[in-house]
Amino acid sequence: MWQEVSEVVARSLLVSGTATVLAASWSIPTAMFLAEKESAFRRVLLDVSNTLVGVPTVLIGLILYLLLSRSGPLGFFGLLYTPASIVAGEAILITPLIVSLSASVLREKRAEVWEMALSMGATERQASATMVAESLPRLLTAVLLGFNRAIGELGVALMLGGNIKGFTRVMTTAIALEVSRGEFELALTLGGVLLVVVFGITAIVRKVGKAG
Amino acid sequence: YHYQAGYYGGTLRVTTTTSLYNTGLLEKLAEGFRQKYPRVSIQLIAVGSGEALRRAAQGDADVVLSHAPNLEKKYLSDGTLKPGKIFAYNYFIILGPHDDPAGISGMDPVNAMAAIYKACESGRALFVSRADNSGTNARELILWSLAGVDPSGRPWYVEAGADMAQTLMVANEKKAYTLSDVGTYLKFRKRLDALEPLVEKGEVLINVYSIYTVNPEKVPGVNEKLADAFTEFVLSEDGQKIIESYGVEELGEPLFRAANGDPAGELKSAWEAMARIG
Amino acid sequence: MIELKRVSFAYPRSCEDAIKNASLVFGPGVTAVIGPNGSGKTTLLKLAALLYRPRAGEVLIDGVSFWSMPDAAKVAFRRKVVYVHEKPIMLRGSVADNVAYGLRVRNLSSEDVAARVDEALEALGIKSLAREKAQALSIGQQQRVALARALAVRPKSLLLDEPTANLDKSGREEFMELIVGLAERGTCIAVATHDRLLALKLMDRAVIVENGTATLIENPEEASLV
Amino acid sequence: MWQEVSEVVARSLLVSGTATVLAASWSIPTAMFLAEKESAFRRVLLDVSNTLVGVPTVLIGLILYLLLSRSGPLGFFGLLYTPASIVAGEAILITPLIVSLSASVLREKRAEVWEMALSMGATERQASATMVAESLPRLLTAVLLGFNRAIGELGVALMLGGNIKGFTRVMTTAIALEVSRGEFELALTLGGVLLVVVFGITAIVRKVGKAG
Amino acid sequence: MIELKRVSFAYPRSCEDAIKNASLVFGPGVTAVIGPNGSGKTTLLKLAALLYRPRAGEVLIDGVSFWSMPDAAKVAFRRKVVYVHEKPIMLRGSVADNVAYGLRVRNLSSEDVAARVDEALEALGIKSLAREKAQALSIGQQQRVALARALAVRPKSLLLDEPTANLDKSGREEFMELIVGLAERGTCIAVATHDRLLALKLMDRAVIVENGTATLIENPEEASLV
């Protein structure tokens, strides 16, 4: 039993970790774009992002399911019911969260540091990098919150992964299964394990962020 | 042919109703199948009957296990599913609070539903319905109509819109009557301190589980060979034995009965009756 | 050399122009920018520093109009001009990291960076602080770091916004020496300041800012403006 | 049908709105406490809060179910399968999100404004109020993200509300029901309605936050 | 009256004391706090302002040790002392809101608030800015607002950290007049500054800070320290 649990934990970490890295790779540039200047367009984008922070995971799951399904436009990739599809779904799910949080972090530092960087001869790209470097600990927190959200979400993992034992079963789908089986104690135990693991990661990331 | 078939490799996608999966029976069947076909990997996807059938129609399943004849009929008639086989059955049970305010204990199911209706109308009881178009929900509606009453919209008629487990929890909390498949009930029994089975026998409570191969002519990408092999296994002696013995050790009684080819044809006619009424 | 041609600028959500139709040149030597609080000195310097885009008019760097340039060409021109804020802006790293910033973005070799950082720290008398966290320094120390950071890149034009406001006596003296040295070597320097003595000692000419209007005075002593 | 949808939308707004107000009422003071000073204790609390941002909603649902069910310690309130229990569950669910975001917002402003307020003769309480006032637009965003998260979550609403038609059915449980029925188109429509409503609220709150 | 008794203070994560065993009194009249950049002037004033808690030693307000007081009593003592930061800190509202802040937290009636705000704005020459957004002002204007905010509460002790650093000529003159007036009326005033002329004109005594060590000089002219 514990071997199976640790396998599921490892899969959860891998899947959500990959999703987080992916999501961060496009979310932080997006946030930089949104934070750079005020404009009606960017404000609407930010509203959209804030809205999507709360998009129901079943909805994302459903939309991606329809895309990835055999009869869907992306069906030929054969991604449905694979860990890759959970990665994709979770990456999309947490993108708005990371974008919103990062944009607000970067916006705070914007004017001053940006001006200083440009006036010291930085290219816009270098100035952006400086902004990110200056906000690093708080950006890291934004990304961490994204990861925590991803590893704790159920709808996407269930609809896209299918909770296939030994292949796409992650912590949350395992917990949900035990709940629907009436095995509440087991579900609580799994939940405890998940939280302990996530807490460990959170504490480590905070330490690293401080050191960096 | 059997021995040749063991040579197959590939992936078999099985969508199944939660009642079969959550009890653990399907894992057992998959294990048995894997012993015969070690190179095949089976993906078991447990969702509601409606979603299971819809996913099959979308091309995301090779085999569907279902117990909702009225829904199955639709996909059979449009050709999504090839004609299937009944592989197992058990009985729905009517659960209610220990004090049984409608006095249905031991009654015939149709009379019991009528009695529940009366008790509810007089404010002495509640009824929790799954209200989710599942096989169980379809059966419940049939029972009401056989009893000649219509509960829809009544204040005591709680439409839970949820799966069996959740519905049982709601019924337990509200000390209400409800209809459940026996498998989920037995698995959940230890959580249900306020409920007990009151009516467990009767033709109209028969619950038939069918297995279908998705029609490759209608839905592209179906692995028909594996699907047929799995169906064959489930219907084989070995498969039927697994079904019959599942749960005996843990719960003291079997959760499912094997259809064993339905020699008397009762299961088939029960299926047809349900498909017609639903 | 920075030239402003009929430049006007208004802050967003503000109805009045903060700079009104300013035409002037920041040439070699020291230009003192003088005027009461809120008159527009900082705004003027930031316009010259290419940080604010004028609402109307042109800013020319060595004769080329900056804001109509293609984006790709801009960096090269930006690098001719360095502006130092009135409130020092420190990055998260050490003092040495901060001073190295302008050199690093110019992709200088790490030896060059080290040498120039050393030189600049020395010039501002903060060599002993090189390894300190810049953000934990006193405000005067931060002002020195900001100046060292600007000097390290050896810009053609140097725009300093109240650079001595928080400097102590020795800091002020070192600063004057440095500016005189740079001015002699042909750097275009503009210094906004409220310190009349400083202005008097350093300036070759003055820009008087009053309520958004900037006037260049070539011979301030004669004009007896100080 | 549309009458039912609008009723469900209204219930979602009411339930999640109440949960958000509740959660904000204790989360922001908590965030103020966490942001006030650095200490190992507060750092651990913040880590816990960051961890719980990703707590699986089924887990919260299960724990509260066990507490609120008739045989549970809080069973005598009879809250299970009422809108009140969803409110409670969602309030708990979004507390870590609001705490984490608010703490990070307040921490940014901390030193300067806090010192200024105290030195101007403010009591600690007044200084705290000043900090909150100074951070108001961004705190509002934090609370808004909490609301969006609450209105989009499924696990708590399902396990504690039970998705009872006309009583505890909210948008997300309705969507999940349609998915399980195979009525994907209907589910998508409901999802669209939900997002449009949430977007409207987000845009309004942003406007208000700016004005305030 | 603020008295420091053998006060030492170290910043977190710093091994050296920023203030070492300082014993001195900020009495009625003007005390100039003088010393090079990074010597500890700001730290000393913040200790006197009850913003930093000493690592060792006591801070006494009117003879009572502040940090050993019960929390409930502290506010009353805090309200005797006002500190003005070297970088002005503006709240989000208007200039008038900012100036009213100290009065509002003291729950003065709204007429009193309006009258005193008016008076303070007048004294600093920023009456015309009353409705402007404080955070959008120039730095010198902000410094005036911060001073007005402090004066409006009429504190017994006033600690000013480089208050004239960004003020223009007239601002500086108005400031001096105000301080002289307050000192005559018995306010205890401490001014940290690098402006020797200002110090010379205003001070009754001086505190020299050097590398964390503060020394009170009762007769600075005689000690020829300026």
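Per-chain residue numbering starts at 1, and chain names A, B, C, D and E are given in the order in which the chains are listed.
Definition applied: a residue touches a chain if its C-beta (ideal position, glycine included) is under 8 Å from a C-beta of that chain, and two chains touch if they have at least 3 such contacts.
A quick note: this is a predicted structure, and the numbers were derived from the prediction, not measured.
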Worksheet item: What shortest step count links subunit C and subunit D in the network of chain contacts?
Response: 2
Worksheet item: If you average the Cα atoms per chain, which one ends up farthest from subunit E?
Response: B
Fill in: Distance from subunit E to subunit A - Cα centre to Cα centre, in angstrom
48
Discussion item. Averaging over Cα atoms per chain, report the distance between subunit B and subunit C in Å.
Written reply: 79
Worksheet, complete the sentence: Note: subunit D sits from subunit B at a C-alpha centroid distance in Å of 38
Worksheet item: Residue numbers in subunit E touching 2 or more other chains?
Response: none
Item to complete: Indicate the residues of subunit B shared as contacts by at least two other chains.
Response: 55, 163, 166
Fill in: Where subunit D touches two or more other chains at once, by residue number
159, 179, 184
Discussion item. On the basis of the stated criterion, which chains touch which? Give every pair.
Written reply: A-B, A-C, A-D, B-D, C-E, D-E
Worksheet item: Which subunit A residues qualify as touching subunit B in the complex?
Response: 66, 69-72, 75, 80-81, 162-165, 167, 177, 179-182, 184
Worksheet item: Can you list the residues on subunit E that touch subunit C in the complex?
Response: 11, 14, 35-38, 41-42, 86-87, 129, 136-141, 143-144, 162, 165-172, 194, 196
Worksheet entry | Of subunit B, residues touching subunit D in the complex | 47-48, 50-55, 71, 131-134, 158-163, 166, 169-170, 172-174, 193-194
Fill in: Touching residues on subunit A, where the partner in the complex is subunit C
38, 112-113, 115-123, 126, 130, 133-134, 136
Response to the item:
Interface with subunit A, subunit D side, in the complex: residues 43-44, 46-48, 50-59, 62-63, 66, 97, 100-101, 104-105, 108, 138, 141, 144-145, 147-155, 159, 171-172, 175-176, 179, 184, 187-188, 191, 194-195, 198-199, 202-203, 206
